[in-house]
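The structure that follows is given in the form of structure tokens.
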Amino acid sequence: MRRSWQVIWPPLVTFVLLHALWELIVRRLGVPAWKVPAPSDIFRAVVDRSADLMTATAHTSAAAVLGFGLSALIGVAAGTALSSMKWIERAFYPFTVFLQTVPLVAIAPLLVLWLGYGLASVTVSAFIVSLFPVIANTLAGMRSVDPGLRDMFRLYDAGPLRTLFKLKLPAAMPNVFTGLRIASGLAVIGAVVGEFVAGTFDQQGLGLLVQSASRNLQTPLVFAAVAAASLLGLTLFAIVNFSGYWILRRWHASAR
Amino acid sequence: MRRSWQVIWPPLVTFVLLHALWELIVRRLGVPAWKVPAPSDIFRAVVDRSADLMTATAHTSAAAVLGFGLSALIGVAAGTALSSMKWIERAFYPFTVFLQTVPLVAIAPLLVLWLGYGLASVTVSAFIVSLFPVIANTLAGMRSVDPGLRDMFRLYDAGPLRTLFKLKLPAAMPNVFTGLRIASGLAVIGAVVGEFVAGTFDQQGLGLLVQSASRNLQTPLVFAAVAAASLLGLTLFAIVNFSGYWILRRWHASAR
Amino acid sequence: GKGPSDPSATSTGGQTPVKLILNWKPEPEFGGFYEARDKGLYKNHGLNVTIESAPEHVTQLVAAGKTQFGIMAADEIVTARSQGIDIVALFAVYQTNPQGIMTHASRGLKEIGDVLRNPGTLAVQPGLAYVNYLEKKYAPVRVQVVPYDYSIVRFMASPDFSQQCFITAEPLAAKKQGADPRVFLIADSGFNPYAGIVVTRGDYLKNNRKTVENFIAATRDGWQNYLDDPMAANATMGQLNKEMDARTFADAAEAQKPLIETDETREHGLGTMSNERWQTLIGQLQQLKKISSPPPAGECFVNP
Amino acid sequence: MTESVQIEGEALAVSLRSVTRRFEGGVLALEKLDLTVQAGEFLAILGPSGCGKSTLLRMVAGLDRPNDGSVRVGPNGLPPRGGIAYVFQDPHLMPWRNVIDNVALPLELRGEAKSKRRSTALAAIERVGLADASRRYPNQLSGGMRMRVSLARALVTEPELLLMDEPFGSLDELTRQMLDQQLYELWRERRMTVLFVTHAVHEAAYLSSRAIVMTRRPGRIILDHRIDLPETRGVWMRTEPAFMKECRVLYKALEWGAA
Amino acid sequence: MTESVQIEGEALAVSLRSVTRRFEGGVLALEKLDLTVQAGEFLAILGPSGCGKSTLLRMVAGLDRPNDGSVRVGPNGLPPRGGIAYVFQDPHLMPWRNVIDNVALPLELRGEAKSKRRSTALAAIERVGLADASRRYPNQLSGGMRMRVSLARALVTEPELLLMDEPFGSLDELTRQMLDQQLYELWRERRMTVLFVTHAVHEAAYLSSRAIVMTRRPGRIILDHRIDLPETRGVWMRTEPAFMKECRVLYKALEWGAA
């Protein structure tokens, strides 16, 4: 109890201070709300449009969480596969970079053709955008296993599967969690951007809400939707962070 | 010489095989070029539009490279700052996640208001998108320094700056490079997406080229531009990878 | 695409299910479709119509047979046909193209050419045919051309900023926030492709002629009703698009009327298209090098 | 899953023929080394720091390969799966497992049942005097305790070939004597082959049936000596003249090899 | 940048008053320990594995704090900056630095000039017998070599308080004797305070001016013994009856404490 409070208050204080400052500046300079809204304007937009914001957040969350889950699973699997043999890494690692650099806009037509508009396509967008950090960190983690322990597993003739589950995965955990931390934010941005190109207005998520609010110059609503996306990202991040802390606390220097 | 050849041929072989397969499938199934172009269609687009592709790649490269450089510098600095004190990390780390989850589309109008259209804004987009992985990995690296070495530095009363440069940074290098690997691809995508909102048509980069080709159903050109973006990402990635290998090869398990 | 035995088009219980994909959110530019759906006009013609609204990629979905009907612009149809994609125009909501360039009235500009030939900034989507047309026609262009991002923040913020607009959308939003926008229609510069066009695939048309005719007939009635009284459909769409208020819906419906109802339509019915105008467009696109092999104008459209 | 195919109670012979090991960077650790260890022999290996003792053990374990020459273990040249145990010079524990789970690892890798694993591991932990620390994690142990965990881990499998690289170097004299005694009794009972690197001459004389002394790098064998002491050994023996004599022989060879 | 403010040649006294150290999880490592070490004393610390020797040294170095009681070093209670050196139980080298650069680290942290650093480091490396390995990286060294690098690193700074945690445990007898001798002579010359943890009774007797023996955890001091031997010591002394007697005293206390 005491511990989690210690973790929560510093960002909360920072949050409140930053927003007070922001409100002050905007009010002082008389910036119009359509340009940069004050926190109070945004708050009003949140209240007025709470139902829409909520369903939009729900739609985006679904895609982001599913995409993140896929990234976690497939990213760890791919990182593992790449780490298993030097030639596999050499032959395929460069191509995983491709996944990261391909603009979603370019593959969106294909996604839509295969998966249609909506959740499936948006989930795949979130997945594509958040996959690489998990792969790269898993690979890095697996390759820095204590060589002495690796020798021990060879000595006991442990076989690739046991070596994976009992040595490489546990040893790579700190790195995997770093990858997941990065992926949590990217999955949200992937879902939001995915909606721009493959979403549908019938199940409007935060991405399309941002777009249509922005077209109608409802800047406070734009900021509210962006805040919702960030909150979603932060929630995913916090979950990853706490599970990481929980799993590693006993033995890893970084968790102390 | 022999070594670099060993690194180059496996992905090359994979590349050639994959493309041959792709050509074969597309030809066999008679998929139209507007849907999925065959490699030969893309190659033709590359040849026909080589001048445009080249200048577009140059523009995007400039922004991606600058943005990546900024991420590397500021990301390592921020990761270091976060790692320096537990309360700083608690108060600010969550906010760095915000940077990752805020859709560029939402802040791009502000960017343009401040920095105008063109290179500066696009560079900042690339920077924003690629920053977080560097922060997260630097932080993780700094927090897993061998506690024994940390003790030694405390014993010799090394002071925060010396501890940083002589212990924490070198020890965090493997992680920092993992972060940079991820950032290299993200910087490219950040530049491409940044162009969607903050680019200019007189200095048209790959992002705008993709969009206009896509609107005109010139799918082979879309693929060619995407390939150029990927190549740019791969080049950055390769540079990071080789410098990482070069710096870590003597002592880190992952480089062996 | 799929063969003639398109399973989604076979009738179930007397009603043929068909899908229409709009290329943006429910707004007055689609009023007639909602009117026809809600007033049961489609049902009366034996159709069970689903309307979906998506931001992009209608061309691909129609071409791939994922939907029976979609909304596209005339230049997109020509481009698609020139690539061998068998898409046919059926019904053009806008006889006059509703796209325009919006600038600040305070600048005192007289025509589109002034926007391009003076310094300033012009935001347009990449790859639009009419932008190439304008650039060619009003060369040398001195305005800085930048991408349009669906937002009018930058327009509001700088006095020498101009941008592409849909006459029923951005100018109204800007006016509501106190700006004084001046809109020049692209059509006035001599480039005037039909817009808001209902399309289908050629083979679907061939094999389901009756369904298509029914769909267009109901759509025509829907639009006629909507032009007479947009209130009901506006209310429906307002539920689906809360970013636009009721007042703006009404204003937009009023503003688009003259673009939909012309002498031509009074003579031949709403949505009608002429070979001559398709021919003109194809010629223009060819000159702009947007297409390499010009499709015959007669294949681009039918007036069912 | 896959049960080990180890042949119960069959000790393994080891033979090295003209083995040379040169590391990248040009360090010549071993040169043309010949060594045959009979099945069931207890061989002590002595030599100055950096002479190649660990390198030798690693090659016998198959964890490193000679640049030249051959290493053969057992009748087929290759050791049976799971038949070797190795106490490395550093403890190399898994930081995410507590003491029991670290010790039980070899049994786990062999696919033994959980309850069996636990009891076997606990017995081994008790034997090295760590019963009350069995639930602690490696970062909560002292240096000597970590080394004892590593020792317990090597002994749970009842190996046919036991490689030990200064296993008792970081232990106090009393604990060391106790473990020496235990190890010796284990060997008398099971007669596995043991290669035992140590820096303590009296430990070598006390435990082994044969001792070799190596020279400075590149390590050559300067003395190959059968220890001529009765099979029943105990602490009492340490002051016997015969024992002292063996120690002196080894010590002289060490001095000679270091010169 | 900032030059060390160390007072040249001023050895440091150490005093622990009623020190208790209890780790999270409830392990009581030390309980109400009192110990005073005079400036310039060479104190050997003996005790069974896990009794709290390393914990004691860490607290003296200021790397750990007692839960109860006080630790004072030097006249002000706090040691002067850079005045302490510590040979940890594990070598703790920086894997990204070669031997010279690892050894030169303390000088670097003090801000000494590069050329000075190099020559001082090389001299220390030579003294521990690693001259030909000075450009190698830690992963290219044997276990004993790594420990010697750590030793050289501790000695380059000419510390006023030297803490050593089993520094010679992984070395062969001859190297060990040579380093024992060197350390003793260094101490005779500079008279810094030394706290020296060892498991070798004869090493303790040979080096120290005073030895303490600790009991099993929680570690208490069971014997605090002044070593009654002449100040000039050498290998020849190891067979002298007076030396043997001191060893026996320490050994008896160890046996007693372990019981």
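Think of it as A, B, C, D and E in the order they're written, each chain with its own count starting at 1.
The rule is short, and it goes like this: a contact is a pair of C-beta atoms (placed from the backbone, for glycine too) under 8 Å apart; a residue touches a chain by one contact, two chains touch by 3 or more.
This structure is a prediction, so every number in the text was calculated from the model and none was measured.
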Chain labels contacting subunit A and also subunit D: none
Shared chain contacts [subunit A and subunit E, defined touch]: B, D
Numbering shared by both copies at the subunit E-subunit D contact, with half separating same from different: same
Where subunit A and subunit C are represented by their mean Cα positions, the distance between them in whole Å: 37
Intercentroid distance (Cα basis), subunit B paired with subunit A, Å: 16
Whole-Å separation of chain centres (CA-atom averages), subunit D against subunit E: 28
Distance between the centres, which are taken as Cα means, of subunit E and subunit C, whole angstrom: 85
Junction residues of subunit E - those touching two or more other chains: 90
Set of subunit A residues in contact with two or more other chains: 35, 109, 113, 146, 196, 211, 214, 252
Subunit C: positions in contact with at least two other chains: 60, 64, 149-151, 153, 157
In contact (per the touch rule at the top): chain pairs: A-B, A-C, A-D, B-C, B-E, D-E
Sites on subunit E touched by subunit B in the complex: 2, 58, 61-63, 81-82, 84-86, 88, 90, 92, 94-96, 105-106, 108-110, 137-139, 157
Subunit D partner contacts - residues on subunit E that touch it in the complex: 23, 25, 27, 46-50, 53-54, 89-90, 133, 136, 140-145, 148, 165-166, 169-176, 199-201, 251, 254-255, 258
Sites on subunit A touched by subunit B in the complex: 6-7, 10-11, 13-14, 35-36, 87, 90-95, 97-98, 100-103, 105-107, 109-110, 113, 132-133, 136-137, 140, 143-147, 174-175, 177-178, 181-182, 184-186, 188-189, 192-193, 196, 207, 210-211, 214, 222-223, 225-226, 229-230, 232-234, 237-238, 252-254
Interface residues, subunit A side, partner subunit C - complex: 34-35, 49, 52, 108-109, 112-113, 116-117, 196-202, 208-209, 211-219, 221
Subunit E-touching residues of subunit B, taken from the complex the two chains share: 146, 148-149, 151-159, 162, 166-167, 170-171, 173, 248, 250-252
